[in-house]
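Same chain, two partners: subunit A is paired with subunit B first, then with subunit C.
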Partner chain A sequence: MPEDNHQKLLSVVARVFDVGPVGLTDETSQDDIDRWDSFGMINLVNELELSFGVSFDILEIIEFRTVGIIKDSLAEKGISFP
Partner chain B sequence: MNENGSSRDEFRLAGRMLDELALQMPFLHRATCDAKSVPIAQRLSALQSIGERLSQIYDGDDWIRESVRSYVYLSLEFLRLQRELEKTGAYLMSTEAETAQHVYDNADVFGGYYLPGLLLTEALWPNHFVLNTAFLNRFVEGLPPNPAILEVGVGTGYHLSQLLDRRESARYVGLDISEYAIDFCRRYAGVDHASSSSATFRLESITGDCALPEKSFDGIVIGEVLEHIETPFDVMVDLRRAAKPGATLFMTTVAFAANIDHIYMFESVEEIRDLVQQSGWTIEADWPLPVYPQDTPDMARRPMNYGAVLKN
Partner chain C sequence: MMRCKDRLWAVMDWDSDLRDEVCSSLESGLPSRMVEALDAVRSLPLAQRGQPMRIGVCATFSIEPLVPALELGLSTVAISPELVIAEFDNIHQSLLDRDSVLHRSKMDAVLVLWQAKDLLAQLQHRDTQSDVDQRQQLIDDALDDIRSLVEGYLEITTAPVFLPTLSPDFSLATDLRSFHEHAGVPQAIAQLNLGVLRLAADNPGVRILDLAGWWRKIGTSGYNMKMDMYARQPIAQNFTGSFAQMIAEHLRPLTGKTKKVLAIDLDNTLWGGVLGEDGVAGLAVGHDFPGKIYMRIQELVRDLRVNGVVLILLTKNNHSDVVEAFAKRSDMPLRLDDFTVVMANWEAKHENLLVATESIGLSLDSVVFLDDQAFEREAMLFHLPDVTVPDVGADPLAIIDILINNPWFQRYRLTDADRNRTADYTNNAKRQALRASSGSLEDFLFGLGLRLQIDEIDDVLTVRAAQMCARTNQFNLTMRRHDESAISGMRRDERNILFIASLADKFGDQGAIGLCIGIADDTQQDVIEIDSFLMSCRALGRGIEQAMFYTFVERAVAAGYGRIHAKYVPGKRNQQCEEFFETQGMAVAEDGSDGKRYTLSLPADVIPPAWIEITADGNKGSRNNAGR
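After this line comes the complex of A and B, so read on.
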């Protein structure tokens, strides 16, 4: 279900960065989350790849500034969002 | 003074590169600037000097965005590969044939992000900065007048540029397996084909049929090469043969630190020291530097940079 993928993405972000999913939006950015640093980014990418069964290259990862951008990148790989 | 601890006039290009880094990848900017082992204020002059050379090579200002993007790419690639190494215990590739195909002869890699990104690490990664300081203070300063120098793996030309700044009369032979590296090195160090410098370059591998003259060099530089070849012990023996009696060698390598083209695994600093000493060289001074600040140099299977000045 498309709704599930949205929740799944927020759950991954919340789990990796140890924050509550409430309050996470497409606009949530690196600047809003303390743990979204170099290692946090690599952890996030690993978790996204495992959870959604996709892989990202470095050029894609460089653009991951917000949750919304990550969602767009997942959508380009065929993951459906509402 | 600004947030990077510098005066903008003195380090204008360095400041612009750091501003660009903050724009492209804020957390990498923070990690780069907040590293405590060498405060960013101490690294700015090295970054400024890199910027000044790059600004002479390239027209316009696009080189700032492009070189910073290369640095971001290389840094993230390291982190991803290191995570994989910590899971699998093995580097991505294991033979020189693989790395030649996928890295050294690859226009997107060695002809793309790799060398500009690596160049910025010389100032921005604290361990690289420390090792470059050792290169200048302990190796270059100890060379005799008009030294004969062999560099194995010319890379970005960073070592050559610093050598020629201080020993203009050096007679230099540079070996590299990659045409992209030799071209980049020539341009960065300002040693073009028409220049009067006595620098010469050979496109060949140190592990191939590389006929080096015996007892010929006062100084040898082999920076970040041993982890890229299949037979580092044999190479260190060959280099000792090419060195004059009493010659010095400056080397850097890594233990358990991933990169796309690392193939030979040293698991600890002790393993590096053993190989160096068994090949006949004497360690005069060395710098084992953990990549992660919480680690100590004696740990095995943790990422380490290592540099040393050796005596024949």
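After this line comes the complex of A and C, so read on.
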């Protein structure tokens, strides 16, 4: 269910950074969320990998500046989005 | 490995939903779930959150992402931690600088977390270490460095430091060649581990964190090279819960919550087969399969006894059959007299356990019960929920596993008290047996030859007195938990009356068992108030408390007091002594919500039990009541 994966991504971001999922969009970036610092990034990557059952390459992680970029990366790994 | 739920005995007062939530979030490895579970733990009343402890951590990798897991893991062993994280990869400064965060406030323990690659950085570059002597020098230097680090640290503080065992990191080169050369990585790791283990064996301030053992159990899937490279976080996320529980198990003995008793079934637990059906000849225990399974179980149980665990046998069999079987099978590792109490009859096991623990004066929450039958386990849990009952199924290998990997009987070192415990309780059980065979209770008590030694509290006894204040929960009238400095303070005022009572009888010396503290009232000159009055439950049922009270009254009169005031303060488990002051002839002065207040005018007619011989320090005021 493509819609589910979108919601799932937003809810992972929301719970890792302890923010409400309502305002989150593809454009939400590191600059918008206080806790999205280097430690936050570790939690985010770990939680995404466990939730979606994927493994990101180390060089991909460095690019994770917005929700949209993460989405593209997940899509490349076969996770479908609308 | 043991399941999370079986490790949770230290937090038995949590409800099952919370236990499930904590276990499943630790197993999930999801930081957000662990934070949620942690919030649930933190919202518990203080008493259910465990013992507050300040734990310092210094590491060569980043600890911050592991903090929720560590806090949650520690909560499962009844530690409510305040973690103090030292600066990343700055272990020397953190341990040795008196101004570092680890020394700014008093720690209960400090964990050092490093990996072999951090200590042997130079060794992994083969081009710089063609010379064996040179490589060996690197290893020797690393070990000297660890030694001086620990020595320097222990000059500053008494908080124990935990050093990890080392394993070949996944990033260290251990190819075949390295196993066949001197001072290669495998030899280096073995030498460093030997050095660290020797340091711990020689030095009570050094404890071991078996990190290598943990890596061995979980294997390469626990290593996350990506996060190690990206953020110096080598532990794979879904193993952070396991890592935290490993740390927690190493710290658990700091809480002093260890089990003292193993109550164990016989048929199909300590031997294969059912004695009543198969007869002695049909029992499986020996060197062949399946007897070797039970041989191993018996060896492990015997090891526990050697380590000071009290054994109770709970079996539905005829007593005489059990005696005969142990006599005929003297080749078994366990002998019948390894059990402090043998309950072989057809009564319910929970009733037998109650009788057995009472006879040796140990509480039910110090008992672990092992039985192959689900019915017996369920019945025990239902009737005596304080007993720890691991679910071992019907598989005898699960019993072996649980005896090897158990968290209940763990301790860092064996003390003389541990070694003597089994003998001590065996004597208690013998006293009980004598009681059963004696006619009247009074005859029994006269037959014990009880001697109570009263000593004023000196520097040495101050330590003991503080321990007694901390540990005595049942016969404790005021539940005051004085520490050494508080007791020293009270000793300084000569008007106060403080003494410790030690008990001996014909079976042996039980040591200090009672404490009494009377404090002079500052507002009423002729009044002394009983601040603390407590006795070890080992000494119950012999009139010792009465003899102690008599001694106190005698001393108060001698010191010129005209009145004793006292108070009973209700605690969690001290209901049994609620009526004590009444039974000693004190009048109730006030019955408030926080306990009863009593008063007694002096001199008073208080009579000590005739079967106890009371002697006082330096024999002053000694009184011999023995004989009728």
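The criterion applied here is as follows: the second predicted complex is superposed on the first by the 82 of 82 C-alpha atoms of A that agree within 3 Å, B and C clash if a C-alpha of one lies under 4 Å from a C-alpha of the other, contacts with A are read in each partner's own complex, and residues count from 1 in each chain.
Just so we're on the same page, a residue touches a chain if its C-beta (ideal position, glycine included) is under 8 Å from a C-beta of that chain, and two chains touch if they have at least 3 such contacts.
Since the structure is predicted, the reported quantities are computational estimates derived from the model, not experimental observations.
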| item | value |
| --- | --- |
| Subunit B versus subunit C as contact partner of A:I58, first or second or both or neither | both |
| Subunit B versus subunit C as contact partner of A:E49, first or second or both or neither | second |
| Subunit B or subunit C, by number of subunit A residues touched | C |
| Subunit B versus subunit C as contact partner of A:V16, first or second or both or neither | second |
| Touched partner set for A:S38, first subunit B, second subunit C, both or neither | both |
| Contacts of A:Q30 with subunit B and subunit C, given as first, second, both or neither | first |
| Subunit B/subunit C common contact set on subunit A | 38-39, 41-42, 45-46, 58, 61 |
| For the subunit A and subunit C complex, residues of the former touching the latter | 15-16, 18, 38-39, 41-43, 45-47, 49-51, 55-58, 61 |
| For the subunit C and subunit A complex, residues of the former touching the latter | 28-32, 35, 62, 64-65, 226-227, 229-231, 233, 237-238 |
| Subunit B to subunit A touching residues, read off their complex | 24-28, 30-31, 69, 72-73, 75-77, 79-80, 83 |
| Touching residues on subunit A, where the partner in the complex is subunit B | 30-31, 36-42, 45-46, 58-59, 61-62 |
